[in-house]
Amino acid sequence: MIVTGYVLEIAQVALALLLAPGLAGFVRWLKARFQNRRGAPPWQPYFELRKLFGKEVVMSNNASWLFRVAPYIIFASTVTVTLLVPMIVAPLALDGMGDLLMVVYLLLLGTFFLALAGLDPGTAFGGMGASREMTVAAIAEPTIALAIFSLALSAGSTNLGRIVTQELANPAVTVSPGHLLALAALFIVTLAETGRLPVDNPATHLELTMIHEAMILEYSGRYLALIEWASWLKLTIFFTLLANLFVPWGIATTFDPAALTLAVLALIVKLAVLGGIVAVVETRVAKLRLFRVPELLGASFVLALLAVTSSFLLK
Amino acid sequence: MTWLLVVMIAGYGIGAVGALTLGRSLFVRAAATSGAIIGAGAAFILGSANLLSGQTLTIQISDILPITGFALRLDGLGAFFLVVIGLLGVPVALYSFGYSAAYEGRYSLRLIGAMLNGLLLTLSLQVMADNALTFLLLWETMSLSAYWLVVTEHDQPGTLQAGGWYIAMTHIGFAALVAMFLLLSGGDAMSTSFAAMRANALTLAPLARDAVFLLALFGFGSKAGVVPLHVWLPMAHPVAPSHVSALMSGVVIKMGIYGLLRVTLDLLGGGPAWWGALVLAVGTVTALLGVLYALMEHDLKRLLAFHSVENIGIILIGIGAGLIFRSYGLMALATLGFIGGLYHTINHASFKGLLFLGAGSVLHATGTRNMEEMGGLIKRMPWTALFFLIGAAAISALPPLNGFVSEWLVFQALLGGFNIPVPEVAVAFPLAVGMLALTSGLAAACFVKAFGISFLAIPRSHEAEHAHEAPLSMRIGMAILALACIALGLAPFSVVPLLGGVLAGLGGLPDTRSVFTLDLMVQAPAGFAQVSPTWIGLGLLILLALIPLVMRLMHVNRKRRVSDTWGCGRIGQTPRMEYTATSFAEPLRRVFAELYRPTKELSIDFHPESKYFVKSIKYSSRITPLFDRVLYDPLLRLIQRISRQVRRIQTGSLHLYLMYVAVILILLLIAARWF
Amino acid sequence: MNDALFSQLSTLGSSVILLYGFTLLWRKSLHAYTVAFQWQSIALTFLFLIIGYFGHDVELYYVAGFLFVLKVLILPRYLGKLEQRFPGERESRPYVNVATSLVVAGLLVLLAYAITRPLVLVSDLPTRGGLPLAVGLIFVGLFVIITRKKALTQIVGFLVMENGIALLAALGTYGIPLIIELGVFLDVLMGFLVMQVFVYHIHDTFESIDVDQLNELRH
Amino acid sequence: MIFFLLLLPPLVASLLALLVRPHREFVGWVSALLSLISLGAAITIAAQTIAGDVPIWGLTINSLGLEGVLRADSLSALVLVCITAVAALTLFLSSGVGRTTHYDAKQLRRYQIFINLFIAAMLLAVSANNVGVMWIAIEATTIFSAFLIPLTIRKTSIEASWKYLLLSSVGIGLAFAGTVLAYFDFVARSGRVENALNWTTLMATAPLLHPEVIRLAFVFLLIGFGTKAGIAPMHTWKPDAYGESPAPLGALMSSALFAVAIYAIARWKAVTDAVLGSSYSNNLLLTLGMLSLIIAAFSVVRAKNYKRMLAYSSVEHTGLICLGLALGPLGAFAALLHLVNHTAAKSLMFFLVGNIERAYRSPLIERVHGLLKVLPQTGGLFAAGLLALIGLPPFGLFISEFALFRAGFALNQPVLMGITLVLMSIVFISFIVHLNKMLYGAPPEGVITGKADRLWNVAPLYISIGVLVVLGLTLPAPLATLLKQSVEIIAK
């Protein structure tokens, strides 16, 4: 039983790694379709990874060892997160290793090193990207924390497995106003944290408007591959969180193979739906000016605060 | 354990006396360092032994100190802070050996050595003081020795002013503490022992208890650097020698935390919810303002000093939450809050000490504290860079380092806020959670700036280009603290129960040693949440080893080529094109413009021929801190104005002087006759 | 009968002494100050003799003798020398003009009456009626020191104050013990001599004996 | 007999200085050595009082109202030790004064004559049994010291002396009026008794006296001796006199003379309290003490002249001692201990200030920079002394101030003590700011740097610092007994 649990953990990591490029490609493809473009096929990111891993690395002469270490740390921290987020089964064997706060701070670890790596080659673009990334990350932080508070309130824990199982046991919670408000808040944060429109344009070619892309301008080869993969993984994680924390149905609570298969399917469907929503949003809204981003995140903070207070009142 | 105490005092004593009496400067430095290491090491061992054994050490010498006698008592709380002092004292002492070498011939090495030992001695005894006079004597001596250390570089601009602010603020706090202790000692007894105070606190009128608490918060807050009493901190820490900054930031300000806990929790035995709410509010504001001002700082040490303010805020958030929970009888949650505060105390001591030592090495190598003149140091001083990076990651609460653990504990305590039956109080908790999260996010942003601008990219000045790695003693000092950051991050499962033991019995808190431990995990009470930084750290490590391995197995292209930085088609990358610290912080400055209210000055010198050609552009921007604006400047002006009025008494006119005598005579006669 | 006469005489004497004190307030020349002080001292001597006679206290005769020698003979003589030395110096504009001075002095005496009420009630000596006048004289002396600008007039004010205290002692207690009285006389003499020396110094360094010039030291 | 050893040495020294004309340096040495005899006598007296004796000397002549002219109980002994110690320090430090200063032989002769007379008068004031004699002696101190302030004739020194002389004379006159009033009351109650003015008699009869008269008398006495002590608002002579007098005199005036005045007030307070209970005198002392503190605190904020700054510090400590005297037995203990500490600290400071002024030729703070470079020893001692004065450990004033606050809070006066703490903080901060300016920075041009202090000018001062440190860390048993006995005398 215990062994199965650990095997499932590894399987989940593998699944996440496998799904992540596909999800990103799917959103890209869908977006292209919405924009009446043909677009690259959804599996294009897999080709990109193969291409990047096959290329040599060209490094800036100003960069230091940090530049070389950062991709590994970013990738490792993101992968660690997938050990904690229940994707197909809840609670996970390693559920007690980390809770939502651990997830958030592990992701922050990646962001931290990404921003440092952006500064390392000494280009203005890298600095600009790092500065903006950290600004957005910092301002998004309180919303995440309050969303966690709100979830913890109803579930009585910040450990993800517990939240999911609690919700499954008590479905009424999921449609409570507090929950919905928290969902909305977390959705906005997801857009900001994963570098989607209207905060950042993942497809931009204009350096001055870049955030994420500006930081990784100097990266190439396998380093770039790791970073890109990690960022897709991050997208997957956030989507999974949105999906499984707010709409937990379909997730397996036993190690029954049938339930697990169903769970994988449910996960893919949920991710696809969320990908669709994001594609719609990205098609409909324009990118915000950088200095209006705090207003957006401020709004999400208010939503999250309302979520918590309404949970308080209804408790 | 008494012999350890003797060794400790003797160590410091030998260090101080040796520094004062020895001839050659090498010997002076060696004496100061070795004395301090012996003393601080003994302090560390004494504290640890006490924590592990739980025995209380009591010493009473009535011949020293008139009136009340000299009383020492080492209990768990004191022992914990003693460990903190020892933990930081040893590396700092080691570091000072290398660092103060540069002072030779410029400043008095004797004074530095003696005062360093004196400071450590008073700090170490401070946490054992068991009556008011002993406490106050040590407190004031500590402030004074720290003061002489702060003004070491007295010929540098701003040093004396900073020293003045420091001693002034700390003395105002001291005055509050005198009042606080004496109010608490009550009416009749000559004794000012803490035991008498504990007994007296029970019968004290509620109003007096409130006054005691407020005075304690004020007095200890001024030492801890609580907003708005923090003004001295960003002035004094930068100008002090860096190992002293580390010590001040790491332990001296923590004495404020110690005192606050000792008085509110131990002596007063806790209080109403509003005490905790006030501490929580003050802590939140302190944390947020601290980090916000840190973001705008480009003086590396000032930036760190503002982060000390921030971290004191975080500690106070934990303590405030603990006090609130305690007042509602939620003992497990209360303990969690206090543990969070205490854990953050030792964590902050280790990573902030490390960061200040790192900043000191940079200062040592480049001669500047201005980040805009640094850059590229990671290549020239790789060890310092690594250590500084560890410190930066730790202070940004990144797992698996120690900052994360304590912030997690504080977060967990705050998340328990919904258990509070009074909604008006409970609603403060989510707000605090939000602010704490914002604080930690901003701190991460700030340390990306601090590390990125100072250590990465191209050197921005000649000095930075020719920087050199710090000498061995300094590197060892930093290494010890870096290891402490890692160890404290990975081993919370053993630290947290110890802290539970420290708190057991204080203010009626239960012994929770068994509740908080769960194999290699840390668990919030009642199974609310659990986390294991140990496993996460291990996981990260395995992954970091595994990824390259897998990549090799998959035959990933492993070639690497070094080339010019891509400059958008531009050729030649110069430091002037780099992003600066100012520009890095610009987005946040815009976001929080309401708070900063920056004043901008832009003067453009056009070419005489055409206004499309610019000869020079001068841009300067200044931020006057909020509390200078609304509190200190008006207060100082008021005192000056009163002073001007009072000085008019001494006009020089003898007739007027005689008039005073006559008037007071007649007034008093009238009073004597009719009142 | 005897007590009544004693009482009347002592009150009369005190009044005369106080009146001489008032003289200072409306005269301006230094010479007039000296003369007023001299006459006041003579009156005081007589009062001592009267008290000594009625109170059957031989000591007071000695005191009267010393007082006569010191305050009627020696001090006025020195004062005279001083005023000859500085002929141009008159008390020109005091801080408070004559009319106001007199009003204030009157008020001070009233105040003295009010304040010394308990003294008069407590004592059963026939001389007690003069006690308020003695305290009033102390106040008037103080007032002269405060409002007059010349160093010399301040000295006279001080001496008048001393007279007031001596009067108080005489009326209230029939004189303090002789040895103390002698010590006090010695002090007064020495104090006066020191002050006199300083008047010369002031004149030498400031070229005037106006005290309001002494205002370099402030704050 | 012991009183001869106490009082004669200064008189002999004075006589010697008078006879040796022109002045020779050995006079200074002789008087310094003689001062040690006085010191020894004072210590002997203290030892006797500790043992429970009260030394009395003097023939008893009833007709003249004499009964033991000289008498020293614990309180007297305490003050005597203070005076003789400072006097010895002063005379030793000024024995070689001719070599380091610009005074000529005539001035030095005058100095030696009057400083010894001044000391003798102070000793007499404290050892006199009779309040009248005490008054005479205190008046005499004014006269003798007035000769010394203008040792060199300058406009400012003349001005200061005149102000000092007149204010003190007026004040002491009022004190005499108060003495007369008290005597009057005594006479009104018990008829004319010749020894009525003896402390012992006064204390014995005090419960019978009329409260309403003693109320008035105490006002006169407090104002009168308060002028000598420099209690606000009668303090105005202090900055002038301290600022202009030669360093040794400043030291004596600010410590010994001050102690004498406080002694007189404490004595009379004891009498008053025996009549009225303590609350009346306490309220007066608290009022004037607070006034002193307020004025002193705000005066030092913008001080320009370091000597005057020290004078304001004296006013501050006067205020503190007044508060202490008004705060019951523990307060009185604190006040007396503070008096001892202050004596040590303030005398030290005036000598140092003398050195500083000699080196910089200016009493202005803004002219003094780099003190630690110019005069390392003096500078270090100055810093230590100043820190002692503002009540930092490990110096004695820290302890006595703590005791004072303890007394205040124990008597349920938190507001008063709170205000005092705030005012003292203002003084503290101002002093630190001024000290900073003086210790560091570049010495002004024309000041000789690096020339070490003359050993003779600083060596004895280490004793003062030593005393302060010892008193800061412990209270030697004899001193504790002396203080306890003294407290019993003045605050029952």
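A few notes on this one:
Letters A, B, C and D mark the chains in the order given here, with residues in each chain numbered from 1 onward.
Everything that follows uses one rule, which is that a contact is a pair of C-beta atoms (placed from the backbone, for glycine too) under 8 Å apart; a residue touches a chain by one contact, two chains touch by 3 or more.
Source: prediction; values computed, not measured.
The chain with its Cα centroid farthest from the Cα centroid of chain D is A.
Put simply, the chain closest to the centre of the protein, by Cα centroids, is B. Inter-chain centre distance (chain C to chain D, centres taken as mean C-alpha positions): 31 Å. Each chain gets a centre from the mean of its Cα atoms; for chain A and chain C, those two points are 100 Å apart.
A separation of 69 Å divides the Cα centre of chain B from that of chain C. Rounded to whole angstrom units, the spacing between the C-alpha centres of chain A and chain B is 35. Across the assembly, chain D contributes 162-163, 166, 170, 174, 212, 216, 239, 299, 302 as residues in contact with two or more other chains.
Listed for chain A are no residues, as none touches two or more other chains. Counting partner chains per residue, chain C shows two or more touched chains at residues 115, 118, 142, 145, 211, 214-217, 219.
Chain pairs that touch one another, listed by label: A-B, B-C, B-D, C-D.
By the touch criterion given at the top, residues 95, 111, 114-115, 117-118, 139, 142-143, 145-147, 149, 211-212, 214-219 of chain C touch chain B in their complex.
Put simply, chain A touches chain B in their complex at residues 53-62, 64-66, 72-73, 75-77, 79-80, 83, 94, 96-99, 101-102, 105-106, 108-109, 111-112, 115-116, 119-128, 130-132, 134-135, 137-146, 148-149, 152-153, 156-159, 162, 207, 217-218, 221-222, 226, 290-291, 294, 301, 304-305, 308-309, 311-313, 315. Considering their complex, residues 63-67, 133, 136-137, 140-141, 144, 151, 154-155, 160, 163-164, 167-168, 171-172, 175-176, 178-179, 182-183, 185-188, 190, 192, 211, 639-640, 642-647, 649-650, 654, 657-658, 660-661, 663-665, 668-669, 671-673 of chain B touch chain D. Remark: chain B residues 647, 650-655, 658-659, 661-662, 665-666, 669-670, 673 touch chain C in the complex. Residues of chain B touching chain A in their complex: 375-376, 378-379, 382, 385, 389, 393, 396-399, 404, 408, 411-412, 414-415, 418, 423, 426-427, 429-431, 433-438, 440-442, 444-445, 447-449, 451-453, 456-458, 518, 521, 527-532, 535-536, 539-540, 543-544, 547-548, 551, 554, 556-568, 573, 575, 577-580, 583-588, 590-591.
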